[in-house]
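In the part that follows, the structures are each spelled out as structure tokens.
Look at the two complexes coming up: subunit A is in both, with subunit B in one and subunit C in the other.
Let's turn to the complex of A and B:
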């Protein structure tokens, strides 16, 4: 087991592309750490540098306290699972799983025993003598996992291991991964572009964009308090509603309406801000309430247990997630009631979050209690 | 894999399934059968025959007839000059009996085998693979330049490269070039083609032909997913282990194809004649050179035909061995 620390890591490819730009982070021993970001954000490059497959242009990497910046992959004692699983097609499942042992000249019977031990834990016991080509996608994925586990590495590196599975299998595999991690508690760095995977699996998530870390934190923090507008737009099954707003004498005004939201102290007394609130925390009501925004229903998308409603409001589009029983019809004129207490404020120019929240117990702008306005949002979630 | 085994279980008595060319020959039944099945809307047999005739005539005139004629000549004492030229007689297998006891033929066969083993199997295949493997991850212009040079060596006509190598190794090709270039560079006086004739030819052929293997293996190595090698590297595999466990099993088919093609080409290569004309004293008289000498310098076409046929048999044996190896890797 080992912690990982990365210090001001930079990677510039020979063609001049700066894939990673001064990234520093640390992963605790036994932690499940997700690197999340859109494609091309540098997350896979970072993982490959951790594995030793790419050399960093600058910066330092420590695994278990040992400086491994210049150590080749073989000397790092890590195991990696690739997106395409990289199972050798000419070897049986057992030989594949035990390949790291074969490389280290472990005796054949020991190898077989270890392969069966690890494989049976992953439901591969009956498939030991098959070739990878005869396995289903899910079985291949588990065989690749088993190979990583058989290696007895101190650090697991996963490069989008679930993205080649169909949606249903992906959920199963995700649960399996979570269970495995709980059992073995091995330090894991997990690269994904799928935020639901990161949110479901990780102890902490690092959101990357254009080679820099945009936010690092536990899933709940990333989800509920995105550190900047990029993360706010990236995280969540539907992007956050971003509403231009103004702070006037400590009150928050959206589309001319004073809304019951905390104005962050950092915002000063009078300034422009961007207010972000998740569609899941927006309710729709037929009548005007204090702090509600008039809007016309444009599109209703059926998500099964909920509906995603897109409305045209005074400040552009606004989206709301409502329960299936309360789906409006397009053209209907309603009032959108965001749960203002869950809103986050951002600096319009830099996109950074205005963090300075009033002290506990400070009096809210007394128009209405936010709780009474979120009638639908509990069930909507 | 499974498709093949079911096929042979359906027709357990069929010989074609065991024949190395059986797999290739069998699918040709397909188009003909579908042509018949096409019925009135298809072309029908008559038109198919019409379209096939030109190529069949060409193949017959230029391939099948000469081959049959060679087969016949091999059984006679037919010559270009002398008594036998006018009165050719049927000699049966006499030419073949002669070949077996002819020390010149035995010597020539041995030289050919050394030439094929040294320059084709060890030289071109190994060197070609080494170049492809070592330069696999290079993306520099240097690699392109070296590759281009190797490919030029391969595509320049034999007569031109032969001339270049004679001037490189021997000189004496005109009043101005008395010394070979290599000797000039090394400040020595060695007549390579006289003192080390077969070795010179082997090095020449390695130089000339490695580009083909390199290109073939370049393509083959592309087919090995990078993640395979990376998995092996992370597991701690040495370069040798990566080659043995990951690369070679994956490209075994390419290797066999390459070895087959290169062996056959080298076996039948006539370029040595341009460099050494079989000399000195028969030391570089490979079988093609030997046949040429017997046929056109000694005028003994009957004997030359017989040796040609023996060469054909040897070629076929090589091909059959490789093809069965190629097939066995699938089962």
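Let's turn to the complex of A and C:
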């Protein structure tokens, strides 16, 4: 059990690539912390630095309060699950699981017992004498997990452990990971490029891009109030609708229409802004309502229980997710009604989120202020 | 032999064409048979002569006997030479396998400037080291080290000649071991030697077998190096010993040479059969990711 703290960590590779640029973050004891970002954003490098497999160029790492910046991997008492599982092909599953114990010179019968114990907890009891090559992908993944658990480390490091599984197994393994974490409550740092995985698993998520942290927070905050346009575009199974808007005398105007959104105090009285609202919070209605945008249906994608509708509106494309029973047909002219109370405002140049002045740096503001709720709740489904 | 070549598609051809084809095929097979006989006859002699009471340079079995072997096994120098050969082969193999594993692992994992060119240059010089070109400096070196007339000296020189190619082969095997295996072992607390022993060596075992067998076979057949570095009769390996089987008149003792040659060949054949059985000579590409 240990907390992790990283202070102004920088990693420059010998070829001059700056993989991590002054990252500071802390992970609480027992927390499931996800590092999320597109490939090449530095998340795996950060994980490898935590493991001790890479040395940082600058900065400091503490695990359980102890400065381990210069400590080799063996001295950190961490366990890592690799993307390719890194199960030793010449050892049986039992020997693989017990390998960390073998390194620590634990006696053979104890090793075997511990391997059986951990392995059967993960449904590997019947497979203990097989070689990794004889296991399915899901079984290999569980064997790798078992090996990490057998190590009795204070910190789990996961490097995209689900990315080699097919979609259905990935869901199963995700549930298993979540359950395991509830049971053992071990501090976990989990690297993934899959935003749904991070949202589903993590207590907190750090979104990384080009070696810097773009936002750190619990999944709900990251999902509902992305801190900047990068996070807004990255999180969510469908990207957020980004609408150019203007604040005029404290009123929000989108495509010439005054919409019932409440401009944050930080936006001032007159300026250009970008409004972001999730397709899930956009409704389609047949006739004009205050704050609705006329649009023509272009594409309808069947997602099973919902339909993803892409429309051409006055300010470019806008997407909406509607229930299966209300799927429009392409060519239909409708009105898109975003739930304006759920909209976030962004600075067009920097892409940073505009917050209410008092809320600056504090917790995210409540979803809506009373003034916007009136119409917002009417238009919401 | 050439009858099957006149198969159905050829039937349509005019007779002259068929005949010409027949003649060219017949000529080819005759030539192949001649080449085969050229290489097979010494083999036949090697297998048959030891069992012939009065072997000549003609392969054949007129008076079968096992007496020739009795002569070999009663000759103390012959037995000692086989033992010396074994010591040289196994000793060199051990030095090569240990040093090549360590060197290949380091070269495979540590990025050094000019690493590849160094390897190629080493490989180039390896044939020089045990070849005749470098024999004088090597003799002087071994002499100054007081290793003349010792099996250790020969082992060192032979290992030196075998190492570059062994490192080269083994490095290739080690390059194909994913680094995540080692990193995983490192995170679990294993040190470099432990990783080499527990993880890398078992995975590159086919490569280790290749260089082990190759160095044994090379040393078993090497002549020049032991011939120059050893002159004490009790230390000569079989490859050199066989050249001393002449009678006082200067003619070869054929019964002894024939039997000794067969005994000398057998270990290599046995190694070949074992490796063939266990690995089927599919050394390369045996690593699964």
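In this section, the second predicted complex is superposed on the first by the 356 of 381 C-alpha atoms of A that agree within 3 Å, B and C clash if a C-alpha of one lies under 4 Å from a C-alpha of the other, contacts with A are read in each partner's own complex, and residues count from 1 in each chain.
One rule holds in what follows: contacts are C-beta pairs under 8 Å (C-beta built on N, C-alpha and C of every residue); 3 or more make two chains touch, one makes a residue touch a chain.
A quick note: this is a predicted structure, and the numbers were derived from the prediction, not measured.
Engineer: Quick check on the subunit A-based superposition: subunit B and subunit C, clash or fit?
Structural biologist: clash
Engineer: Mind working out whether A:151 is in touch with subunit B, subunit C, both or neither, as first, second, both or neither?
Structural biologist: both
Engineer: Which holds for A:73: it touches subunit B only (first), subunit C only (second), both, or neither?
Structural biologist: After superposition on chain A, A:73 lies in contact with both partners, subunit B and subunit C.
Engineer: What is the contact status of A:52 with respect to subunit B (first) and subunit C (second): first, second, both, or neither?
Structural biologist: both
Engineer: Does the superposition put A:137 against subunit B (first), subunit C (second), both, or neither?
Structural biologist: A:137 contacts neither subunit B nor subunit C.
Engineer: Based on the superposed arrangement, let me know which partner A:86 touches: subunit B (first), subunit C (second), both, or neither?
Structural biologist: Touch partners of A:86: subunit B and subunit C.
Engineer: Tell me the contact category for A:233 with respect to subunit B and subunit C: first, second, both or neither.
Structural biologist: neither
Engineer: Of the stretches 8-16, 26-34, 62-70 or 80-88, which one in subunit B hits subunit C?
Structural biologist: 62-70
Engineer: Could you tell me which stretches of subunit A are touched by subunit B in one complex and by subunit C in the other?
Structural biologist: 51-53, 72-74, 76, 78-80, 82-84, 86, 88-90, 99-100, 102-104, 147, 151
Engineer: Quick one: which bits of subunit B touch subunit A in the complex? Just the residue numbers, please.
Structural biologist: 139, 225, 227-228, 230-238, 241, 245-246, 249-250
Engineer: Which bits of subunit A are touching subunit B when the two form their complex?
Structural biologist: 14, 51-53, 72-74, 76, 78-80, 82-84, 86, 88-91, 99-100, 102-104, 147, 151
Engineer: Residues of subunit A touching subunit C in their complex?
Structural biologist: 51-53, 72-74, 76, 78-80, 82-84, 86, 88-90, 99-100, 102-104, 133, 147, 151, 157
Engineer: Which residues of subunit C touch subunit A in their complex?
Structural biologist: 178, 180-181, 183-191, 194, 198-199, 202-203, 205, 287-289
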